[in-house]
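Just so it is clear, A, B, C and D label the chains in written order, and each chain counts residues from 1 on its own.
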Amino acid sequence: MAIPLRVRYFEADQQGVVFNMWYLAYFEDARNAYLEAVGYPLQALLASGHDIQVVAVNIAWKGSVRWGDTDVEVVAHVSRIGESSLTFDFEVKRRDVTLVTGQTVYVIIAADGSGKRPVPADLRAAVTAANRNREG
Amino acid sequence: MAIPLRVRYFEADQQGVVFNMWYLAYFEDARNAYLEAVGYPLQALLASGHDIQVVAVNIAWKGSVRWGDTDVEVVAHVSRIGESSLTFDFEVKRRDVTLVTGQTVYVIIAADGSGKRPVPADLRAAVTAANRNREG
Amino acid sequence: MAIPLRVRYFEADQQGVVFNMWYLAYFEDARNAYLEAVGYPLQALLASGHDIQVVAVNIAWKGSVRWGDTDVEVVAHVSRIGESSLTFDFEVKRRDVTLVTGQTVYVIIAADGSGKRPVPADLRAAVTAANRNREG
Amino acid sequence: MAIPLRVRYFEADQQGVVFNMWYLAYFEDARNAYLEAVGYPLQALLASGHDIQVVAVNIAWKGSVRWGDTDVEVVAHVSRIGESSLTFDFEVKRRDVTLVTGQTVYVIIAADGSGKRPVPADLRAAVTAANRNREG
């Protein structure tokens, strides 16, 4: 699952490269596109009385992205699915070159603030099917 | 009513100056500080079942602000108070030099989405008192 | 010339609608897409030793845009071309309904900081041709 | 070394809490304030022909920050200083409660793009002195 990355002009800072925080915006976009692609959009999760909370992120840079770059995409997949959590792995790539990698851990919570919830069965099934296709 | 302006590094773009949209963030900050200073913070407005909605903005640049600039402030006052609306005027100044001016028009609405509401009497009184001090 | 508008999750604030400043990001995107579409991308302008500076903006809201909205687009055209300046008009539309309008005035400057420059002849010709097509 | 954290209204998303990416903006602010406090501001580094590049970040959330929160601060210190790199540790705290922790690794590079450089001796000395004071 990959989405094209189009850098907005202002996301590049005085060094001419994308400022670090915007990668978390790109990852969020890619996660939402992933959920849509596997048939369980974030809206479905919200409508079922759940919400999703980020509890950890990490990002590592080998290269950088500039405004005007073409052929850059963000690749996302779920690398781990726990009782209440989903770990997404992200790669920002220019053609075959990996520029930036990242990982975010999300926890499924009740929308009413009453705490953690198991990953809904439909979401778990959708992710598992996507992973099978990815490996298959 | 003035607040110091501290530009964050990433708000300056590849041209080395603050990207235009961030001024609307600064104005929002200055508006909130103004409401607090006159004794009617936004939280009080929200707690009273109202909300505030921007309906128009304009900004004009005579100069620019850079990351690392000191002695820059945003000056705010209410230039017009209507039945349901408040017009704020903003000036971004480096010492005595005006660099950027702006104006935002807000409408007071019911928090339940049922439409416009008169400016609450306490808020009107607070703004009127602030304007009297300003002119006096 | 229209570009689809895809709101990022974090651009919607606690009111559930896009925070005002992000419209200036959308307008910048639409302006860059316009310049590309008429065959004179911003990169060409920069490569010719020029730069572009915003000197005035205004925005007016009749409606709002939410995260997850589909069928929203930003329409851009040049409404005025002066000796050194270009005025862009923007409309944010959901199908046929105009939600937000805006206008930005840009001045062409020398990249070396030596001040205003005439709009390059190629850019003027490209805009004029685009306007002719638009009206024709 | 601690800086007060004032959340801007729009940094809180529809969940009512600060959207994850803004913490990287706060960390950048805290890092710049740290460098200033130890007597080696980023401007000094830039003026010496160097620049600073983030190569890795991580953030972990135990709690969250909301717009309007008071008594929140970002604490920064350098936890490791290598040949060419500096690792900053950050804590976002509400009074004595740690809400968010983070770490960023920066590499010192030549401003001309020719690659890594040793941490300047003055910067190393300033950080070492700050750490001695911290522990002492």
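We take it that a residue touches a chain if its C-beta (ideal position, glycine included) is under 8 Å from a C-beta of that chain, and two chains touch if they have at least 3 such contacts.
The structure presented is a predicted model; accordingly, all values stated were derived computationally and were not measured.
Enquirer: From the centre of chain A, which chain's CA centre is farthest?
Expert: Using the mean of the C-alpha atoms as each chain's centre, the farthest one from chain A is B.
Enquirer: Please tell me whether A-B or A-D has the greater number of C-beta pairs in contact.
Expert: A-D
Enquirer: With centres defined as the mean C-alpha position, give me the chain B-chain D separation in Å.
Expert: Result: the chain centres lie 29 Å from each other.
Enquirer: Any idea how many Å lie between the Cα centroids of chain A and chain B?
Expert: That pair's centroid distance is 35 Å.
Enquirer: For chain A versus chain D, what separation do you get between their C-alpha means, in angstrom?
Expert: Distance between chain centres, rounded to whole Å: 24 Å.
Enquirer: Multi-chain contacts in chain B: which residues touch at least two other chains?
Expert: 9-10, 21, 25, 28 - these are the residues of chain B that touch more than one other chain.
Enquirer: Where on chain B does chain C make contact in their complex?
Expert: My answer: residues 15, 20-25, 28, 51, 53-61.
Enquirer: Using the touch definition from the top, list the residues of chain D that touch chain B in their complex.
Expert: Interface residues on the chain D side: 8-10, 25, 28-29, 32, 42-43, 68.
Enquirer: Under the touch definition given earlier, write down the residues of chain B that touch chain A in their complex.
Expert: 9-10, 12-14, 16, 19, 21, 67
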